[in-house]
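Both complexes shown next keep subunit A, but they swap its partner, so subunit B is in the first and subunit C is in the second.
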Partner chain A sequence: MTDAARGGARGSRSERERAGVSLPGREEPPFQDRIGAWLDERLHLSRFARQALDKVFPDHWSFMFGEIALYSFVVLVLTGVFLAFFFEPSLTPTTYEGPYEPLRGLEMSDAYASTLRLSFEVRAGLVMRQTHHWAALVFIGSIVVHLCRVFFTGAFRRPREINWVIGVTMLLLALLNGFTGYSLPDDLLSGTGLRIMYSVILSVPLLGPWAAFLLFGGEFPAEQILGRLFVLHIFLVPVILGALLGAHLALVWHQKHTQFPEPGHTEANVVGSRLWPTYALKSVGLFFLVAAVLTGLGGLVQINPVWLYGPFDPSQVTSPAQPDWYLGWLEGALRLFPNWEIRAFGFEIPEPFFPAVLVPGITFAVLYAWPFLERLMTKDQAEHHLLDRPRDRPVRTAFGAGTLTFYASLFAAASNDLVAHWFELDIETVTWFFRVLVLVLPPAVALLTFLVCRALRDAGDVRLTHLPLSSVWRPRARSTHR
Partner chain B sequence: MSTSTKGAGAVAAAFGASVLASAGLAIVYIAGGSPPIEGALLLVALGGIGAGLVLWAKRFLPVGDDVQEREPLPSTPDERARASDSFGAGADLVARRRLLVRLAAAALGALGIAALFPIRSLGRAPGGALFHTRWRAGVRAVDASGTPVQAASITTGTVVTVFPEGHVGAADSQTLLIGLGPGVYRPVAGREDWAPEGVVGYSKICTHVGCPVGLYQPSEHLLFCPCHQSAFDVLAGARPVAGPAARPLPQLPLTIDAAGYVVARGDFPEPVGPGFWDRGRD
Partner chain C sequence: MTARTAVFVAVALGIAAGACTYLSDEPTPFRPPGVTSDVNAEQRGLELYERDCAWCHGSAGEGTSFGPDLNGPLDGGAYTHFMLATGQMPLEDPEKRAAPASPRYEAADIDAIVRHVETFGGTGPGVPTPSPAAGDIAEGAELYLDNCAACHSSTAVGGALTSGEVVPDLDGVSPVVVAEAMLVGPGCPNTSRTCGPGEGAMPRFELDERSVNSILRYIEYLQRPIDEGGAPIGRVGPVAEGAVALGVGVVALLLLARWIGTRTGDRE
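Up next is the complex of A and B:
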């Protein structure tokens, strides 16, 4: 970076220099004192440090979701390490002798018993366990919202396609690690989830039986699976997640962050706050706020009380049984898909393959391909650093809104038994209602979104609440002052 | 300046609250711990630092007024040409030894394939495991505590989960014995004598994704799976009548021995549980 290019920022820097930059209690300023000089002589640190400290990050509330995901991950690692010191990933049977009266004398696995010990006997253990679980829910939630932000504002466009692909991969791994995590305690609810996962893998044409047997070590419930889930959950997936996280952040650093179009914001600049000190204090502050909310939830709001479900027994099941929120769409798909199986030439494609393998397969295929699909449709090859307002891209925004509606409907359908219970309806009726909903609501929402976005775009700078209703149905010529 | 003092007060209060909460955490820990109090104190201890830092930045630091130029991402044509030359020059040197290049590729490829074999060690071959359970002809049905089940104890409307004797808890063999009462059983052709004295046995593993089919409604003779709400008609060979399950629950052929115990006449006639690719294989 040339000094001429930094013109706009130089004034404030020299003011600070005049004010004196030495830290309290130090004789010499940093990077010129003994430690700073020692490091600089060995690492050529000063140039990078100056660039890094002066780096400008744009400010917008919607840019925080990625940070929230990052900081949830940090909380997950910290609490997870604590849990791993106490948890025993073993299905070896043991008799419970701990302080929780209702389960005393019951036969259970070491995994379940050690989870109970963590919850009732290890001091601060329950807060750690519950914080870990809450952090997982918030982690995936903030990734999804972050993904929506990136999608609806077109932040995935050139040159950021690589980071989109890395991000989608991290979502996939986060889902996987969420599932392996809540399968570990070997309670009745998690065992049921594992049983369903085994059956879903089994349903894959041709490869299913082999894949299920190699992954689980044999027919369900195989002894090996818990240790394998543990290795996946605490080592393999987090390490890959950590590496991808590093790459994700490095690319944001290297390509510089996008910004919304505002006066003074151009494709060729970044307007915002410097890393040091403004952005650093705000971001570290956000870490502590995220950790505060997660630990607060972990102490005050009960989650996954495994002692109420009892130990896993393959011949028993809890009812009603719902997975963690981020698998609700798959659970809903499993409940709604009709009982169609394909049998031909002595082979069969079992019913679960369609809702539980094909639906997520298509979901992630479209997610991965989206930047390239959109480029095919728009023929837009240009580099973009200014974000779109969602209203200015009616087709993309409508597609996104319709897609989100589809998954939200599936998510709601995962509670069809509870809906039937609450409203005293027949479960068949409720299931059919959701089947219709899943097919009808998304296109309806997409159409409405398209019409509203088009009207907003053509009306210029108008708030949604000030939009005349008639303009939604009748397209006008685009206003020229945009 | 009065406004800056006021702002500093809030930041100081946030940090101060955090210090007190952390001290409180130590006291609660020593006193034996209490999850809700720990949660509340952690909220204040961490939230105080977070709120203090964010307020500090918002009140006393320059926000949003710095501008930086973006350097163009693509390299200049000259830089590209030089990178391309550097690579090309080296590649030419390597490619000159064509035989060695091919052999090196073959060696790496062969090693890659050889490295796949240990995947096979991960688990048993599916083989016959999915096709058979522990039930054999003459094996008595026992309940979860291992006690053999008397046919007379399965009265009308009774449901008991049973396992083959000696294999209590065997997941693939779990079976429901249901007392239908006399004259209600409508057998599938060829299964006329599979339900002696109105006691019928069905695999308890749902044919959808394998949850235990745990709920029985005696008035309508329906078995429900609590996971995805499949329903099976017990009177009609456990045919699926609602929900995502596509196949009936396999039926266990039963008889009653001289002592009155329920005994299997053989294994299930078909694989139990969820479907898979070569389920139709014999």
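Up next is the complex of A and C:
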């Protein structure tokens, strides 16, 4: 019946066409156009869409670092949702009866047992778990690279201070979420990390024990902690991260992206590609590349084989024990700080407070404050949409290089036991080596960076490899043809 | 001199320095020449002991100023076999620190020396004959994580201790040698005259036969574990993982971003 009716309708239309009869205005537009029109009459989207699709973004490959982080986050959410279906965030003891023979019959937490189940029984569970973990490591890595790009090119200057603050907050939350995720499987390695975190919180003067008990719900290893970490890890922090991500991108949209100084680029224009089609296609391509690299790592390279580490037991420990790379600088600071007994106002301040609370506290305070600190120093109140070349700002570049060297040295020091093992050295020698390195290398790198940048700036448009060495040590008058 | 020349000179100097280290005289390891006579094992043990060990330990294991005596309460078959089978003895230079290496003798010669040393006054345990297959792997996992993982690592890759002690990797170590280590407690620096078996870095474990077999079975498993998930990258945990994440993952993505983010013609 319906078929016949449709056939009839088609027939009549083709008949009209054959007869050359066309009634303007009577022809119904295609269905999707009618939907579009219906929506547009109510929401007035077409003007916005037209503007949005035509919006121009500057082209430079270094502007895509933040997008790598964004797409890693997307991969994290997708794989994380999958994992959440199977993971049980509970420290309730259970006897393992699964297929992994070496641990069968042992008592372990539900969390660890469900991680084993994810790894050995759930279809695609292991590749999802590994991709999730690799994505976390790459996520934070790309945030740091993006941060460096923004820092060294001065993209944080007025009017973009707010986005800088949002970005630093996202880095902080990413570190927090990395650590909570690392702790969830309740294996021997991550349990050791959680133990260290508990001690670090305890070390805060006056507040420490209260804060630790409040957070963990009792003496370590407290029953409640895993459920709390889980809520933080899969709900609270990702939601805040997502919201800040939206704000971060909206501000880039609203304030427009910065661009490098080039012929034709001014403080008042934006030269680049339109969102549609060039930029959108490039960005979608990047998403596929990010997803490919992360799932490639997840399928080809083992990460966190918790079945070998064994279930967490407070009486056991494994070595070497390091945190994931993004907390390596904290671990290194803890390993290098001497075991001084420091007393103030009649209280002993526990030694972990200095490397593990004060160092990150100062780190993030300076990071947050940098745009404002720099303005205090340069007295520069103007708006900037053109980026700096790092060589043109020797002080900032030198400060950044020195700071990076400091954290890289701390990071390397977190592996002091492995360095000692691999190079057949005494671990104390290695520790002392890093103590000296952490204090000596950053100023040296900063000084060298300053001298090279100053020479490059004053030499005009010269490549680093063509810089006369003599000009590094002797400042000379700025050339006029900068 | 430009910066480019400076970098070139620095790299060239570095390569030259590396080449010198590589080409410098490596001490040739001690290799006793093969014996063609048809001596029996008893004579062979005596012969090898007199030739390679008596220099420092004395012809009756009484010790000299170069090496400790072999007549202590823990000396005997197990400790002697352990030191020879792990290649820590004989030393070329008594002042040098002994380290695990490939054994200097064939198994039959080690047994011959062990039998000879057992005729001395040491009252320690003899060479054990464990059977890992009789152990329970899960029990072994628990015992291993309780007692061994703190130093040898939960993945048996070994590690470092304070004051230069090296915890050996258990890969390729035979069950007999591990059982001996548990019986004797090795790990004394041979340069120390005050430290003997049982006082070294590794504690002595007095465990029943079943527990020993279970631990050995789990260690055998760790030497060839279930390797789901791809390349194991050294089994040292987050340090290697971080290196791969940054050195492979992030670097690859930066290069890919450069690839798709640069228009044809923009590249120099």
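Some notes on this structure:
Quick note on the criterion: the second predicted complex is superposed on the first by the 447 of 482 C-alpha atoms of A that agree within 3 Å, B and C clash if a C-alpha of one lies under 4 Å from a C-alpha of the other, contacts with A are read in each partner's own complex, and residues count from 1 in each chain.
The working rule: a residue touches a chain if its C-beta (ideal position, glycine included) is under 8 Å from a C-beta of that chain, and two chains touch if they have at least 3 such contacts.
Since the structure is predicted, the reported quantities are computational estimates derived from the model, not experimental observations.
By the document's definition of touching, of the two partners only subunit C reaches A:Leu106; subunit B does not. In the superposition on chain A, A:Gly218 makes contact with subunit B only, not with subunit C.
With both complexes placed on chain A, subunit A has more residues touched by B than by the other of subunit B and subunit C. Within the superposed three-chain model, A:Leu202 lies in touch with subunit B and out of touch with subunit C [touch as defined at top].
Using the contact criterion defined above for the overlaid structures, shared-chain residue A:Thr363 touches neither subunit B nor subunit C, since it reaches no partner.
Residue contacts after overlaying the shared chain place A:Gly285 against subunit B and subunit C alike.
When the two structures are aligned on the shared chain, A:Val293 is found in touch with subunit B and with subunit C. When the two complexes are overlaid on their common chain A, residue A:Ser46 makes contact with neither subunit B nor subunit C. Legend: residue contacts after superposition of the two complexes on their common chain; A:Ser315 is shown touching both subunit B and subunit C. Applying the stated contact rule after C-alpha superposition, one finds that A:Pro159 touches subunit B and leaves subunit C untouched.
Residues 59, 126-127, 130, 282, 285-286, 289-290, 293, 297, 299-301, 313, 315-321, 417, 427-428 of subunit A are contacted both by subunit B in one complex and by subunit C in the other.
Put simply, subunit C touches subunit A in their complex at residues 1-7, 99, 137-138, 140-142, 145-146, 149-151, 153-155, 157-164, 166-167, 218, 221-222, 225-233, 235-239, 241-246, 248-250, 252-254, 256-258, 260-263.
Interface residues of subunit B facing subunit A in the complex, by the touch rule stated above, are 29, 32-33, 35-47, 49-54, 56-58, 61-71, 73, 119-120, 122-126, 129-130, 144, 161, 169, 171-172, 174, 204, 208-212, 214-215, 226-230, 240, 242-247, 273-281. Within the complex, the subunit A residues that touch subunit B are 1, 5-6, 8-9, 12, 54-56, 59, 123-124, 126-127, 130, 159, 192, 195-196, 198-200, 202-210, 212-222, 224, 255-256, 264, 267-274, 277-278, 281-282, 284-293, 295-301, 313-321, 334-341, 343, 346-352, 355-356, 383, 385, 416-417, 427-428, 431. For subunit A in complex with subunit C, the residues that touch the partner chain are 59-65, 67-68, 100-106, 119-120, 126-127, 130, 133-134, 137-138, 141-142, 145, 188-189, 282, 285-286, 289-290, 293-294, 297, 299-305, 307-310, 313, 315-325, 328, 414-415, 417-418, 420-421, 424-429, 452, 464-470, 472.
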